[in-house]
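Labels run A, B and C following the written order; every chain starts at residue 1.
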């Protein structure tokens, strides 16, 4: 493989990543729809389609290792490959969280009718939007959008905390609601994690474009330092 | 670095970064930078440069001596002989009478001998060189041959004369002819031609041969199309320089029977003949000053011939090397 | 599991128990590997490991090294190259070679490419063949207006591509390349590597390189040689990401050699 063909390999890698992103996004969307509509069939399909996401993660990882060994990529190419490895890991976990949410649907259907909290509904909206926009920002290299998405995570964390308190109150009032409450709490946790993974993807995207590490709030913590 | 000096048996390591020189007293120019830790070297730059200059001057003087001697020789010859260079001289036959003496037979004889020598020695010499360099296996026989060729280059020319007399004049029954002289002189210059050609062939980089072989060329094709054209300028230069030596040889030619007094112009290879060096020798042997002048004139002619041949060598070499 | 991979598909070149001795010293010891059709195989290893010597066995160029002795077999399309009655001149036409240092003939660009076809009795349109060969070597556009210029006026990278064109002009089936880019600058090297990738569509290529990364970039299969023997031979991807042999791993990670 040489320069032109290395480029082809990189494009193929990106395409596979985009495909995986699509599957992950779809999984989340189906899972939350199944949750809101109490649709067990849809929930089951989410679980069964997770294999495809896992397979893609393995493929992408193997491709990345191979490219690193055989092509000695530098600079942006190198960052693309390491970012792809990380993002595929993040996407695989997004898929797993979607599966968790889908599995909760089953238990929620069985328990007494428990309204889905508006907080959770808002978390659903925000998290899915963050995931979609994060992938969009990565593909287009839009670091401004990526940075903006990072800020939205605070709201999701806030909602998760609120959800926790509300559910706790409900559960303390009526012990029969504990089971459903716990399930909803887990759903909320999964949604919060999906939002976090979306921020990871944004951080990887910024690193890819700018070469700047912004994770763990590095930008806010760092003194003005020379850019690498 | 706290002021302790290392003991006498401790090697002082050279620091990788020169320390900054201390600031000079105000108002004075900064001292020239020195590498203060290099006490191990006694550089003596000026003495060495002086010695170099002395040596260069000596070489120049050596050159000058050679040039001056040559110049003196040329001036002497021209002064003596130039006025004798007339068309009558060039076109005339030798004679007891100075005014009528000419070198036509010698000139024609030399020309004949040169051409025939070239025709004989070139293929023999170049063929031998190609065999030795390209085909011959590296065994004892080859080494013996190689050594003996080098030895033959040093054999005195009169010995070749004796060989020529025995082998060509009597053995081959060629008589005292141009042909016999040409064969004899060919033998004389053959070692030089072989060695010069070998050097030229050796100078062709082996990568060229390998490149040709890798394309499916036979050994002959590689030689004919790649090695030989590249070696040719060197071969020709060597051959013509060897011929230049041959043209000036008197001893072997005398042995083989150049005529001391000749009254005809040779027209066939088996004719009797004489050559310019012999003619010069004949005239120089006469007491009269006029004949000395004729000898000088003949020397000029010989030198002119040599110059022409060398110029031809250079022209031929340039013509073939000009391409690439 | 043997560390010597047996490739699938048609085998173009093969060595069986091939050994080469210079005087009494073995430079290549009992090597048996198979080179598949239209793939790029790289020989890597530290200096003096015998990779160039092994390469030269396949076009009988070791015959030209005084004192070299070859035992074993080198099979090309089923025929032993060292069998009786095999003419090395014919072998060298069908198995071409490109050398480490570009060695164009001191002739014109046209004559360089035309030399091989001429001595091999090419009967068709020579101009077309020269153009086709130069195109295959990705050199045509750079020299098409100056075919009569001296080949020595070209840059190093161009000269090497000219040597490749020259080798291709006699329509070989295999191309042996002995460190073809080691004398070239990085840009020229990259051009040669891309060229090799193109060439493998039509030719089997065996390349010796001391640059591991080049082998990784360019080849389909790689053989790691050490002290005249093949330590490991397999698909490039496997050899560089997960070699079977300790010594291979040590060499690739730069821990020796």
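Going forward, a residue touches a chain if its C-beta (ideal position, glycine included) is under 8 Å from a C-beta of that chain, and two chains touch if they have at least 3 such contacts.
It should be emphasised that the depicted structure is a prediction, and the values quoted were computed from it without experimental measurement.
Q: Determine, using the mean of C-alpha atoms as each chain's centre, which chain is farthest from chain A.
A: Using the mean of the C-alpha atoms as each chain's centre, the farthest one from chain A is B.
Q: Could you name the chain whose CA centroid falls nearest to the centroid of all protein CA atoms?
A: C
Q: Distance from the CA centroid of chain A to that of chain C, rounded to the nearest Å?
A: Comparing mean C-alpha positions, chain C is 50 Å from chain A.
Q: Please tell me the distance, in whole Å, between the geometric centres of chain B and chain C computed from their C-alpha atoms.
A: About 44 Å separates the centre of chain B from that of chain C.
Q: How many angstrom lie between the CA centroids of chain A and chain B, rounded to a whole number?
A: 87
Q: State the interface residues of chain C toward chain A in the complex, per the touch definition above.
A: The contact residues of chain C facing chain A are 190, 193-194, 196-197, 213, 216-218, 236-237, 240-241.
Q: Could you pull out which chain B residues touch chain C in their complex?
A: 138, 205, 207-208, 210-218, 221, 225-226, 230, 323-324
Q: With touch defined as at the start, can you tell me which chain A residues reach chain C in the complex?
A: 1-6, 65-66, 69-72
Q: Can you check the complex and tell me which residues of chain C touch chain B?
A: 59, 61, 64, 66, 89-90, 92-94, 96-97, 99, 101, 103-107, 115-116, 119-120, 150, 152, 163, 166-167, 170
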